[in-house]
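In what comes next, chain A is part of two complexes: it sits with chain B in the first one and with chain C in the second one.
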Partner chain A sequence: MSTVETPVASSNEAPPPSPLKRIATYAANQQFILFLVLIGVMIFFDFHNTRFFGTSEFTNLLVDFSEAVLIAAAEMYVITSGGIDLSVGSTIAVSTVVGAYAIQYLEGHHFGEFPSLLVGTFVCAGVGGVVGTINALLITKARLVPFVATLVTLSMGEGLALVFSKGGTVGYDPAAAVWSSTGFWIFRWLTLIVLGITVILGIVLHVSRYGRYNFAIGSNPFAARAAGINVNRHVASVYVLSGVLAGLTGMIWYFNSSGGAPQNGIGNELEAIAAVVIGGVSLVGGVGRFSGIILGVAILTVVHDGLVFINVATTWNEVVVAGFIALAAVLQSLSSGSKRRT
Partner chain B sequence: MKSRSMRLIQGAAVASTLAASVFTFVGGTAAVANAASKKFTVAYVVGAASDPFFLSMKAGASAEAKKLGINLVWQGNPSVYSSATQIPIVQTLLAIKPSALVLAPTDTKALQPLVAQYIAKKIPVFNVDSGDANQSNITSWVTGNNLQGGQAAADALASAMGYAKNCTAASKCVVAIGVSSITTSTDAARLKGFAAEVAKKYPNIKALNPIVSNSQPAVATSGFKQDLAANKVSGIFAIDGTDLEGAAQAILTAGSAAKSIKVVGYDAYATTIKSMQAGKISAIISQQPALEGKDIIDAVYAKLTGKGKISHLTTLANIVLTPANCAKLCATYVYKTA
Partner chain C sequence: MTNEREPILELRNINKSYGSVKALTDVSFKAYAGEVIGLVGDNGAGKSSLIKTISGVHNPDSGELIVDGVTRHWKSPHDSMAAGIETLYQDSGLAPDLTIGSNIFLGRELEKKGILGKLGFLDQRAMERKALEELEKVGITVPLSKRTVSQLSGGQRQAVAIGRAAMWAQHVIILDEPTNHLGARQSLEVLKVISAARDHGLCVLFISHTLPHVLEVTDRIIVLRLGRVVKDALTSDFTVESLLGTITGLNT
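Showing the complex of A and B:
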């Protein structure tokens, strides 16, 4: 299945480029095209309403970007390692609910606002870690395929979020929301923290040995095992990481909605996967650039928000997003097709 | 009529519903076990069982059923309000041969063939909250008035914004709207009532296209913040509790410019009442789910025992909660979820 060539090998074998090929090479540089698309879409929105390039809208965009980017990064890690994690959305829901109970309890027992929120953050990450561990055990011990294993935890998380919360939003914490809306210029403290985590995740994926193992396993798990990599341990750690990132996203949603709502995050795994696909990451594993998913999340955020901004009925949202996914997928197949023909 | 594969799919759906009911509705299962000791068993199928609206209805219906010695089998998909998930549940419950069926249909037409099957087995069918388009098979229907609720919301919002003084033809008051779904009958009716009242009485209000939140408060928040950044918004109409939570949050985090924005919306959740007390919401349109539940159980009891009068349609008024009357009314009308 996974006979994915490395980009380096294919470019070494490239014949003298014809003009058509050269265009295809540009098209193959998906990051560049995505960047142009992003700028183009933003100019389009500003053309309709010049408030778009304003600090208040850019603050909004960054908040929404930070809600989506960590699970997209999680999905990137999992997919490049050759798996998939469908449970990130419902992990957000269950962790935001459990975290909200923890914060509510602590604040009710005279803990200060800040320590309660800090503990809540660890609780959210911990709940995510538990879900990730269940995924890891189902995949590496019970030998389920990742799609099925994470489908199990997807349903479980969605159900448990409703059971735990009894349907309504848990807690009511406007102080947390007020804190999360402080910062400077277009940055809020919360978005800065998330951006920091994102940068670290990108560096780890592309610079560290952990990241190299990830790509190696995604390209060819048998070769990776032969090369002495403990594939099971690495795969397990990737799912735990994914769970923890989804749990932290649950805490972001807590901040952004003053409480733990069991509906929050439901279905967001598909948005994360869409961002990964738009970012040019191969769904069979082993290939992808972190900057691609950053652009993918940015484009999805700008499109989602911008359509509301210019007062287009939100029912069109998904249709437009589908168009972007199709565009990205076609670019990807064109570029890989041009390699295969050589 | 149906193809074999369709029946297989439906069978699987029924099986999974039953399995789900064992795990999630321990209370309901226990009730089935007790069925023999009670006089009547009434199947009660709601839209989304964990919505605080339906939880509150459950509290009202259960208390009345207990008083009258009725055994209640409460069912509904935990979170999805859709006929696709409701039909298998209604079909499954036909097998326990209840004395009556109370149904909050998630679609005005899709449940009717099943209702006919109940009627064929001489099981009377009642509607609560939403109703079937064809009422000829329905013994009694208790519902809130969503059209009137939308109108009441428009009036409350206009008054909160100071319509006569602040909204003029030259500078119209911009109103953002949040809905959970554009296909749910209740949302549609409220939106229609709101739009009709605006068209009739408030020409200087300009309504933006509705944000569709899929019942996720944070999605509503994000959408409202877009509207706030793009326009000089004076008011927000939130069509249900999840959107109202989202609206209050948007006001809270959007900075000083948003402080003057007036918010009016549906559903007296505990959280939305707290937001109103904190000054983020001007008025809450509260339905009476517990009373809907109680009244429909009374109607069922009257039908089964032949005692008492049954009116075919009971429309309960909406209660408009405001900071002024909250001290007196909020405790009574808040949706009790436990």
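Showing the complex of A and C:
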């Protein structure tokens, strides 16, 4: 937070704000409020069940976090570019099923455990990439609005997952779960890989040319085009990226549920969008901080797991999540209202 | 307006049709560095077709387009930008959620030095600093380039958009209705920026329906009617009434 104070050489700059004003600025910052909410929620659960902060629970929290964070990041990229991707949830399902078949085949043909899982990961990412490419073509070539285009692939993915798997789990693979549960301290290796990808996605969004174009297109596609940016190509690449991230999440589900089940990930697009909204990202595009959606995913994960821990029926989960979305949305409209007044 | 000088932009007998509709007929004129030219005409007079021809959105059916002494054939707007022509279309200006600096450098971002730059990392600090410097050169003082464009007034926004065009153009900037939707005081700001761009040696093509603005800021006015140049004269030769008459065809 100290970097904010670095002076910028400029003659017409306002004098530095008073400390009180600076505190007020931080307090009005949505990320800061989210951080307090996250801490508050964790303390609340720990108060009700002191084992909540235990190492094993933290490991589970991180596993659940890693199941949700990549598609939330994907949704963040898509939404800040001015679109929406409803298909990430069903892409998880279809990729986990196809990936499971691939792994089953390879292991049946005397491939080792590790190479099979590695190839399976690429197959999952590839299936996601195909879905993303279909979205990209529907949006940039057939000129469908993103909502409709991804609604098409949402239904298609959900249906194909059931068709391919014939309704059951493909390739029961407890060894994968064992392999994925190794790691050190509270981290599993798988969690660390996901966190690494997440950090890279955040950096790319905020400090690279690609991320800059993403915000520019979401903010004003006409200005972006006039500035020489190939808007169609960028938009297409964002949907492919989103598909690939959903495909990788399909592989995470494979590890965590020991096989490819067609109901894996179904409906998770709404959780991802919820995390994006809670994180303070504008749904019309152009505005948002990556740290916001990380906090959004963290809050949703902690609430989800915490309710189980304090013996509240999981059916209440959605109701609590609804409360958080409402809170975040109200905060956002209030803060943009105060901006309008100044 | 000394005619011994080489024109920076010259059009010779430009023709353009859309199907059976003739949009431009034998349009010819010369434009020089350091002058503001008003391009006026009623709706459908061919202003938009003319801008698009000069900025490379489309090619003329026949005729010659000469920039800086060289005959040009644009394949895309990129080519005209590379030749030193910047166009500011109506309402396409800036990305409101990006900072002023990011907007100024949009599509031409500065990258960090070394390996980080090769990976596509941007040098935001340098962009913000240079944006302020360059805007000040054309007489625009913005509070702080770290602000987003949405925090600026309409007049400041348009001034920044024109400043952006003036900063990147080597020869010509084309401004399509830059004072539209602006109040009187904000329009004045914009007109000041246009004068500053001219004083920097740029040729400004100013397209507007607001005739008092045209009369105030331009050196010369070219009137288009039904795709033809019907008058090309010094601004001092016009009054609002005579200009209106020429546009509508009442007095020829």
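Quick note on the criterion: the second predicted complex is superposed on the first by the 314 of 342 C-alpha atoms of A that agree within 3 Å, B and C clash if a C-alpha of one lies under 4 Å from a C-alpha of the other, contacts with A are read in each partner's own complex, and residues count from 1 in each chain.
Just so we're on the same page, a residue touches a chain if its C-beta (ideal position, glycine included) is under 8 Å from a C-beta of that chain, and two chains touch if they have at least 3 such contacts.
This structure is a prediction, so every number in the text was calculated from the model and none was measured.
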Partner chain in contact with A:N220 - chain B first, chain C second, else both or neither: second
Partner chain in contact with A:G286 - chain B first, chain C second, else both or neither: second
First (chain B), second (chain C), both or neither touched by A:S180: first
Which superposed partner A:G82 touches (first chain B, second chain C, both, neither): neither
First (chain B), second (chain C), both or neither touched by A:G202: neither
Residues of chain A touched, compared between chain B and chain C (which is higher): B
Interfacial residue positions of chain A with respect to chain B in the complex: 49, 51-52, 54, 56-57, 60, 63-64, 67, 158-159, 162-163, 165-169, 172, 174, 177-178, 180-181, 253, 256-259, 261-264, 266-267, 304-306, 308-315
Residue ranges of chain A in contact with chain C within the complex: 8-10, 12-14, 204, 207-210, 212, 215-216, 218-220, 222-229, 282, 286-287, 339
Touch list for chain C against partner chain A, complex: 77-78, 81, 87, 89, 91-98, 102-103, 106-109, 111, 119-122, 124, 128-129, 132, 141, 143-144, 146, 151
Residues of chain B touching chain A in the complex: 24, 49-52, 55, 78-79, 182, 208-212, 214-218, 221-223, 225-231, 242, 245-246, 248-249, 252-255, 257, 269-271, 274-275, 278, 335, 337-338
